[in-house]
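In this document, chain identifiers A, B, C and D correspond to the written order of the chains, with residue numbering beginning at 1 in each.
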Amino acid sequence: MDFRSDNTRGAATEILAALSTANEGPRTPYGEDAQTQRVEAKLKEIFETDLAAFLVATGTAANSLGLAVLTPPWGVIYCHEGAHIAVDECGAPEFYSGGAKLVTLAGADGRISASKLERLLPAGQGFVHRAQPAAVSLTQATEAGTCYRPAQIGAIAEVTRRYGLHLHMDGARFANALVFLGASPAEVTWRVGVEVLTFGVSKNGALAAEVVILFDRRLASEFAFRRKRAGHLISKGRVLSAQVEAYLRDDLWLKLARHANAMAQQLSAGLAALPGARLVHPTEGNEVFVQLGEPAIQALTAAGFQFYRWPEDHSTTLRLVTSFETTPKEVAALIAIVRQHTHDIDTRAGAAS
Amino acid sequence: MDFRSDNTRGAATEILAALSTANEGPRTPYGEDAQTQRVEAKLKEIFETDLAAFLVATGTAANSLGLAVLTPPWGVIYCHEGAHIAVDECGAPEFYSGGAKLVTLAGADGRISASKLERLLPAGQGFVHRAQPAAVSLTQATEAGTCYRPAQIGAIAEVTRRYGLHLHMDGARFANALVFLGASPAEVTWRVGVEVLTFGVSKNGALAAEVVILFDRRLASEFAFRRKRAGHLISKGRVLSAQVEAYLRDDLWLKLARHANAMAQQLSAGLAALPGARLVHPTEGNEVFVQLGEPAIQALTAAGFQFYRWPEDHSTTLRLVTSFETTPKEVAALIAIVRQHTHDIDTRAGAAS
Amino acid sequence: MDFRSDNTRGAATEILAALSTANEGPRTPYGEDAQTQRVEAKLKEIFETDLAAFLVATGTAANSLGLAVLTPPWGVIYCHEGAHIAVDECGAPEFYSGGAKLVTLAGADGRISASKLERLLPAGQGFVHRAQPAAVSLTQATEAGTCYRPAQIGAIAEVTRRYGLHLHMDGARFANALVFLGASPAEVTWRVGVEVLTFGVSKNGALAAEVVILFDRRLASEFAFRRKRAGHLISKGRVLSAQVEAYLRDDLWLKLARHANAMAQQLSAGLAALPGARLVHPTEGNEVFVQLGEPAIQALTAAGFQFYRWPEDHSTTLRLVTSFETTPKEVAALIAIVRQHTHDIDTRAGAAS
Amino acid sequence: MDFRSDNTRGAATEILAALSTANEGPRTPYGEDAQTQRVEAKLKEIFETDLAAFLVATGTAANSLGLAVLTPPWGVIYCHEGAHIAVDECGAPEFYSGGAKLVTLAGADGRISASKLERLLPAGQGFVHRAQPAAVSLTQATEAGTCYRPAQIGAIAEVTRRYGLHLHMDGARFANALVFLGASPAEVTWRVGVEVLTFGVSKNGALAAEVVILFDRRLASEFAFRRKRAGHLISKGRVLSAQVEAYLRDDLWLKLARHANAMAQQLSAGLAALPGARLVHPTEGNEVFVQLGEPAIQALTAAGFQFYRWPEDHSTTLRLVTSFETTPKEVAALIAIVRQHTHDIDTRAGAAS
């Protein structure tokens, strides 16, 4: 009963099967095969626009390479203070960009706002002593399990356009966001100003695959050299293209995300109904952030549940992540344990007041 | 009938099956799982020494990360002029090391010699105007399909030790070399002075996996940060550990290499016996370099064979690479075609003389 | 009447004369001359310890090179949010370190505190997903014109030692701080834990010279290569050594700083006595930060005074910097203008209330 | 009697005097002063074209920054195997470019040829596995003391244009070349295809100053950020602008170079007339490369002459560099010593035959 992350899971059946199917026979290596081309064509259809698609094995590579084509070494990348690129990638964006600066913004529920961003931008543009505003990176769904609405993205894009910045989206949980928003892929990306998207695949049912989508194909040549130079062009390209093709076929990606989100909603609703549990953020994707009493947390651990305290080890807020494999039974079991131990909390809380 | 490269093939059956087996259930991500630990333990056994093993998905990443822990940004890395790191990785070692310099040496049959190396080293050591000799990288088997004998490696290591350099081995085709040499893994690596090894897996039957082996565990901490920062720490680590565990189980890796080498030997012997074919290098691994007449080359193409002219598109030398999947029938068919068309060549050659 | 910065001035007479004296005859280039050696010897005497001294032409180079030998590319450098390295050097520390991360701390009067620093450090040490705490950089005197007391530095050093970080000091205005503190150079540097010091020269009477002082000579070799590789090893080394030798001779450096500080004190005291002026930070070096009414600011400009509004162009706080050339007359003139226009302010303020 | 290098000398009288003159009064720092603007205007006049001029203190910085705006991190820079950028700058171009690759070409008398260059270029253009041809760097005068004729530069530029490369010129001894060629600055630079020029100042009579000239002003913005970020924007900009303005005033730069060249011609002619001396390269600038017998070399040392054996310490070829300060007397004295000891050589040579 693992609620630690969606990356503790293996692959969805369809995706694993696709690896076997793709294993037959020789193929032109380094992504020059027909399957890789089919994946790009399919993404053009899904996103309803021309684009360039590059497959890589990890989200860190996808984000860092995507940002590297949007910012010079003396650029500034703005993002939320909890963003994966700022907190969890050991300085990968700095490495890939040749030393760009990440400036983080606070913001409720994992989102940055257009107005807060705009207050940071004017100072120092063109002034040689300052690192230069270059890009904004949004996470969709956010690290708080929430989603940017198209209008929110558009408002931020309006600011980036006005100040000559580029707009990047880390879509490690893009499918989960899309399902929640009920929007089309185009509506939350290029139509509202996103130029480069990390289209997440791994967390939502693949083994190891992400797609960097460049809505401006002129960036493709530079990207191709950067990817190769970083060792992220896999020789037996089928290992990536097979996963992604299966992921996109018959809307599997949306189906998987829909399940994970549904599990998160059940979990969230179940917990919210308990007196001793407090939701920290609205549940909009496949992550539930809930504050519990220490006894309930300990009981969950004792019962074999796995999860992370968030954002730090001594916190009493838990991050509970559902996945394409999470079952209603697991969710119900978790809620039941918490229910059992919230009585204690209330009592204790009452005693303390 | 594909003789282009060993990376045009899929995975060996055992390795593909291992991916399915490993797919079950949740696991701790980012290489913190038991299977990854078992792989390291197994490698210690195989190499008969303590070591640190890091899994990555590509050879370019493996080589560049391995070299980056051996050289400062102002270091010089010496290698053969045909080395993959110098020719085929788009400057990846420069990127990863922060701008180190690759100095290439000519050398017969893809090998550099200890004496030639030594002549380059003394000048400029400690002299602040010069990039500083830092490491030597050997390719095993070489890009010419030959193998360094343990004594040759030892002689080079003697030089690197004397001048304070480190010794790296690009073992993209390490198994093929080992099988040819009839040596133990230890005998061609740490016992003769190799400090960091790219232990190739992909080309010899996996989908996408390489292991960087650090014989000096003190390099491990730095390596771990470099790998993560480069986006080469895969979240669902099982995708790598499953492949490598299967690769090492019951000597599968040696079995696969033995087959590929045997096919190369058949091919090489068959071609060498023909009057119009000339072997360019001795065949010691799974690569055959053969000069043919243009009619023979065209006939091969017409018959559906795939291969690269080497080192350039207009050359009449072919590089023919065999793999774990190459069949005796394919080899025989290739030889037959060439035999059929060497008559023409001889005639033409005779006419020309 | 220029109060913009101490770098709007030329060189002190003695330093300019030294350039002429040093011009005679041939010399070994690239800092291998006797004068450069004498400078290092003199600094050992002044700092009462062994050290390695490297001359460069700019403070940005001095800071960035000094930090680069203290942090790996995946390191974090902590500094005050107003620090020159974070705000005014266009990402130079990131460039020189290969992409380290600067994390800034708020703190009253330009100083960071040991306790605030300590709260940031524990999380993520050794955790491969996080950039790793590597160094702390203090500015002495600070960008707010204040000075760290030896005990404050010692307290920070106590934290850096405990967490395995290094301690760097940007001493662009080191002489001004020393004069204010009445301390010896040793007392505010290596004795309280500073490992690398940018010993500022340019701002305090030279044309273009800074010294990077490494209190741990083992860093010297790496530093030498980094300096050369960055183009900061000047061929005609005398241009630097002559300036620094003159700067250190007969305590010229302290004499120049004493004068600049005295002018700042006069200015500060004079302004503080006026009803419409408010000192924003205590005046401890050669910088006065004062909030004035807009009419007084405009009157100063009209009278030909030059200065910066701080920290931004629309602020009504001025940064007034005195130098070795500032005269009591200039100071008095400035105060007189403000006095003349503070009446208006009071009246206006009164009217507004 | 120092013939080691032109950088063992101090500054010409006029340049030193200019530093004193420029010392008076406050000035806007960071190159935003009128004198820096006058320098740029004067260079436009001298080069008869629009351009952007950036002052820095060292040749290594000038070359590396100039190359960094012409090549991406995955670019290849082609240059002569003896080029300063390849041999003497500790990897500075690699550092500044983010890891570009220097590929060196052999070539008689320090020059590369258009035809040899062209043979290297076609392979791998646009092929993602190869570092990409990006720029060619010529040294004028070359490291062999020779000069590229305008037609030779033009022929190389014709190749670079055809393959989409940029053309850089390291003009550390640009004035010496110009004087020899009797050409105008325009005729050997932008008119024949040079896009970025390091206009050398230090070696020819300044203390520490070089100008990077960008004939394409669109590169200026990027250059400005790169310079600042590297710590090569000097705060008291007058230290550079004063030197360069004096250098350009009344053709001082050409006068100084004319003298140095004349001394080299005297030296070269005098030595060439001796039976035991052999000129290794034609003398076209201010460097004489001469092979002597060991006794003559030892006698020169004994007589107090200083010089470098070239290219290595055990060579019997000397590099003798003249400067604006070299006197006819010094030249005559050197020739006299050699003449005195060439008898021995001849005798010995005769005895040996």
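The criterion applied here is as follows: a residue touches a chain if its C-beta (ideal position, glycine included) is under 8 Å from a C-beta of that chain, and two chains touch if they have at least 3 such contacts.
Note that this is a predicted model, so its numbers are computed, not measured.
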| item | value |
| --- | --- |
| Contact-richer chain pair [A-B vs A-C] | A-B |
| Chain located farthest away, centre of subunit B as origin (C-alpha) | C |
| Approximate Å spacing (C-alpha centroids) for the pair subunit A, subunit D | 52 |
| Between subunit A and subunit C, centroid-to-centroid distance (C-alpha), Å | 42 |
| Rounded Å distance between subunit A and subunit B, as computed from the means of their C-alpha atoms | 36 |
| Where subunit A touches two or more other chains, by residue | 73-74, 89-91, 95, 98, 128-129, 132, 225, 228-229, 233 |
| Chain contact topology (line, ring, star, complete or other) | complete |
| Subunit A-facing residues of subunit B, complex | 2, 4-5, 7-11, 16, 19-20, 22-29, 56-62, 64-65, 89-92, 95, 202-203, 207-208, 225, 228-236, 238-239, 306 |
| Subunit C to subunit A touching residues, read off their complex | 73-74, 87-91, 94-95, 97-102, 123, 128-132, 312 |
| Contact footprint of subunit B on subunit C as seen in their complex | 30, 72-74, 98, 128-129, 132, 222, 224-229, 233 |
